[in-house]
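Some structures to go through are shown next.
Below are two complexes that have chain A in common, paired first with chain B and then with chain C.
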Partner chain A sequence: MPQQLAIIVLVDVGSALESESLEGNTYLFDNMKLQGSTGQGTGELVTAINGSYWRDGSQASEQVLNWLPYSLGSIPPTVPRGYEADRARQSDEQALAALQDLASKSSVPGTDQSEQLSQVRKTVGARVKTTRRTSGRLSGQKILDVTGKVVTEDNTAAYTYPAPVITDIYGEAVDSKIMYPAEYGSPDLVTDGWYWSATVDTSRPGTYSYVMRIQLHKLVGLNGELRWEAVNLTCPSALKITSEPRRNAFTKAGMGMLPIPPGAGTRPGTP
Partner chain B sequence: MTTTTTTPRRRENNTGRRPVSITAVVDCVGALAAGNMQGHLYMYDTNKSAGSTGFGTEELQTRARKGDQLLWNALALECEAYVAIDGIEIDSSICVPERKVYPGTDVAYWIGTVKKDVANVTYRMKFKLGTRDEPIATTLSSSLVG
Partner chain C sequence: MKPQVNIIAVVDVIGALSGSTLLDGNLCMMDDGEHSSAHQGTPDLCTVVQPGQVVSWTALAVDLQTPVEIKNISFVPADDRHASGQGQGQAQGRPHGQGQSQPHGQAQGYSNGHAQGEHSEGDKLDLDVWTGVVPGWLQPGVAYQYRLELQMYEGENSVMHIDTPALMCRQH
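And then the complex of A and B:
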């Protein structure tokens, strides 16, 4: 029974947004180098899918693929789920505490309130403006830098890009009914609750191309407000399907009963 | 005849400049099975537009200049696997990477500032993988280039 395969789509989001293309800015991995995949860690990954068939020629194993899009150089996907929201809340709490402190000190003469207020402002950070059109996963959150600190409006240069989002998988492999991709909800910690998955028909060997539509997000300042603007790009890849007769993985022979050495069923000591 | 001298513009103040992120993608299972990193490590950075080369190899050449902040982190090919950077050995007159964690988590990154412009300096990374106690060091070295 083959395992589920994960295809990591690592995107250099900054470069991709700059050149408005995923070409040369996307690195794909499926970790199946030993099984015949080629182009690991490049944009030219060909995923090997080794299927098998029964004696009558029918498909004996289908392959399940999962896609995991990551952003290169951003806060890694291993931080707890909802990390941005947690950080936003923590910075709010810190700012409130600082304000309270400031209020209690306000009666003391000689305190520089404007300096302290600007400090509080830094603690609060910048929140992304939400409109009806942009509401969703990134709305209302604060902007974090690549080290997990909240950033302020005037210092957004080091902000971390949100992970890319796959919005569709299509192309030859889908059109010719080789794979059936769909997006699923998941309690998985690393995929933010959603992931794309597909089952692959391994009964028709060949190389089939497919295309991922990937959404990136660009931070845009407009009328003094910050917004994540969606940028839709595409990235091609391919599956190489092979199929061989179903065989016993232990004996390398055909399917049948496992070879049992004579006397294996008897207990030691019994006549 | 008058000679005009132009002083190159220098950016001493690097606040607000994006750090250069260097990401090590590790095939944890492959490296543990082999007991070394060769063929199981893919290095990338976010400075391609400035001229970094060697993407996806173990010999990444990151274009870096004085004042740049460098941030290293690691990513496992299997999301269940544990991969962490255990150390970065680099000439301390050029950069002293420090281990830090993303606030409120135990997920670590390494960060350091390039102290002076360099022609080419290699560095060695050590990784903690899975439940293995002994860290595994890189066989081939990535480098910073000027």
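And then the complex of A and C:
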């Protein structure tokens, strides 16, 4: 069957970081409910993969799996890539305007400059420190909340987490060569330009477990600086593979004549 | 003569389901026959074949992550077709397995088992291979129209059909 299969890995990032575990904080979905997948929307998803084979035993259909990590409590992955940078720049511009305003007022006696400066500092937000290890899209940006507002000293609790990243897929199904996962580059920026995909050998029916290694990012404040620190967690799931023989749909057996009734057919032009 | 002619029905599943029609560009049919088949890329495809040739039908989804399978292919006797012309390409709107009125041509035993109400959700349509040999008695130049039924996921609006595609034997 040519339909591609998608497995959505939805992570409650805040809770997972708090409990340092993906157990109970992961919700898995696939588009194979019709074909028999069970445990949709829970951490116990078993993905049904229905293979088929020809009369000589050879594999008749190839199944392709795609994994997509989503996040609860993040800015949706569908906003433009430059969104964080744009929001950070906007808050910088606001701060500059406020400073200019302050400078022009500074000659006026009786202005409480320190109070106004502190106000500017509060609205400008905090940038995440870039280190060699954390350089990339996350670093150098300001911290936003889920609505895209720059997080300031007043509301530090409400920041958005970077989307989870799958860094490996391994385990029984891979070791026993049931599936062949790999990470691919993608023009679809919703997946950050990368995604995990696998082809499946459906010739050996059975239930096979596998494990996803998922990287989350935790905001850590150290010496007055903020940085995203990687936290690697694992999440198990399973594939249930079945395989059945192909059959001729007209005869239910071997190939035969097309079932065209004697009265059928019209000459073009006749009503 | 090519031993086999392949007919592919490409379906925009989301378009078909949301508009409840296989028309409006939601279904395109193409074949790779060596003779010039008429209306390539439309639901009116008339595939030119020769007796003894194998014809094979496949359905493909435009969006690879949507499900579509061929539910049935049945050849329609000429007299019956006019009566069934209404609602062409529309959703049949009948629940599964509830003694649905038979599409024309099937009451006479020219269909396979799928449309007879004996199959339900567990149809396993993905195992079906829609392949058959062109009979020798077909008259050249005559269009043998068939009903193509497509199933997209499940539920009462999941099956739609069209009666317009045809096979035609090559004229000598």
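Quick note on the criterion: the second predicted complex is superposed on the first by the 205 of 271 C-alpha atoms of A that agree within 3 Å, B and C clash if a C-alpha of one lies under 4 Å from a C-alpha of the other, contacts with A are read in each partner's own complex, and residues count from 1 in each chain.
Simple rule for what comes next: a contact is a pair of C-beta atoms (placed from the backbone, for glycine too) under 8 Å apart; a residue touches a chain by one contact, two chains touch by 3 or more.
Quick caveat, the model's predicted, so the values are computed rather than measured.
By the touch criterion stated above, A:Tyr27 is placed in contact with chain B alone, chain C being left untouched. Contacts of A:Ala6 after superposition: both chain B and chain C are touched. In the superposed model, A:Asn50 lies in contact with chain C only, and not with chain B.
Of the two partner chains, neither chain B nor chain C is touched by A:Gln119.
In the superposed model, A:Ser106 lies in contact with neither chain B nor chain C.
By the touch criterion defined above, A:Ser61 lies against chain C but remains apart from chain B after alignment on the C-alpha atoms of chain A. By the touch criterion defined above, A:Pro245 lies against chain C but remains apart from chain B after alignment on the C-alpha atoms of chain A.
Touched by chain B in one complex and by chain C in the other are residues 6, 31 of chain A.
Against chain A, the residues of chain C that register as touching in their complex are 54-55, 60-61, 64-70, 73-79, 81, 105, 108, 110-114, 121, 124, 126-135, 138-139, 141-145, 153-154, 167.
Listed in rising order, the residues of chain A touching chain B in the complex are 6, 8, 10, 12, 14-15, 18, 24-25, 27, 29, 31, 33, 40-42, 68, 70, 72-80, 83, 86-87, 90, 146-149, 155, 157-158, 190.
Only residues 15-19, 21, 23, 25, 27, 29-30, 42, 44-46, 48-49, 55-56, 71, 73-75, 77-79, 100, 102-105, 107, 109, 111 of chain B touch chain A when the two sit together in their complex. On chain A, the positions that touch chain C within their shared complex are 1-6, 31, 34, 50, 52, 61, 244-252, 255-261, 263-268.
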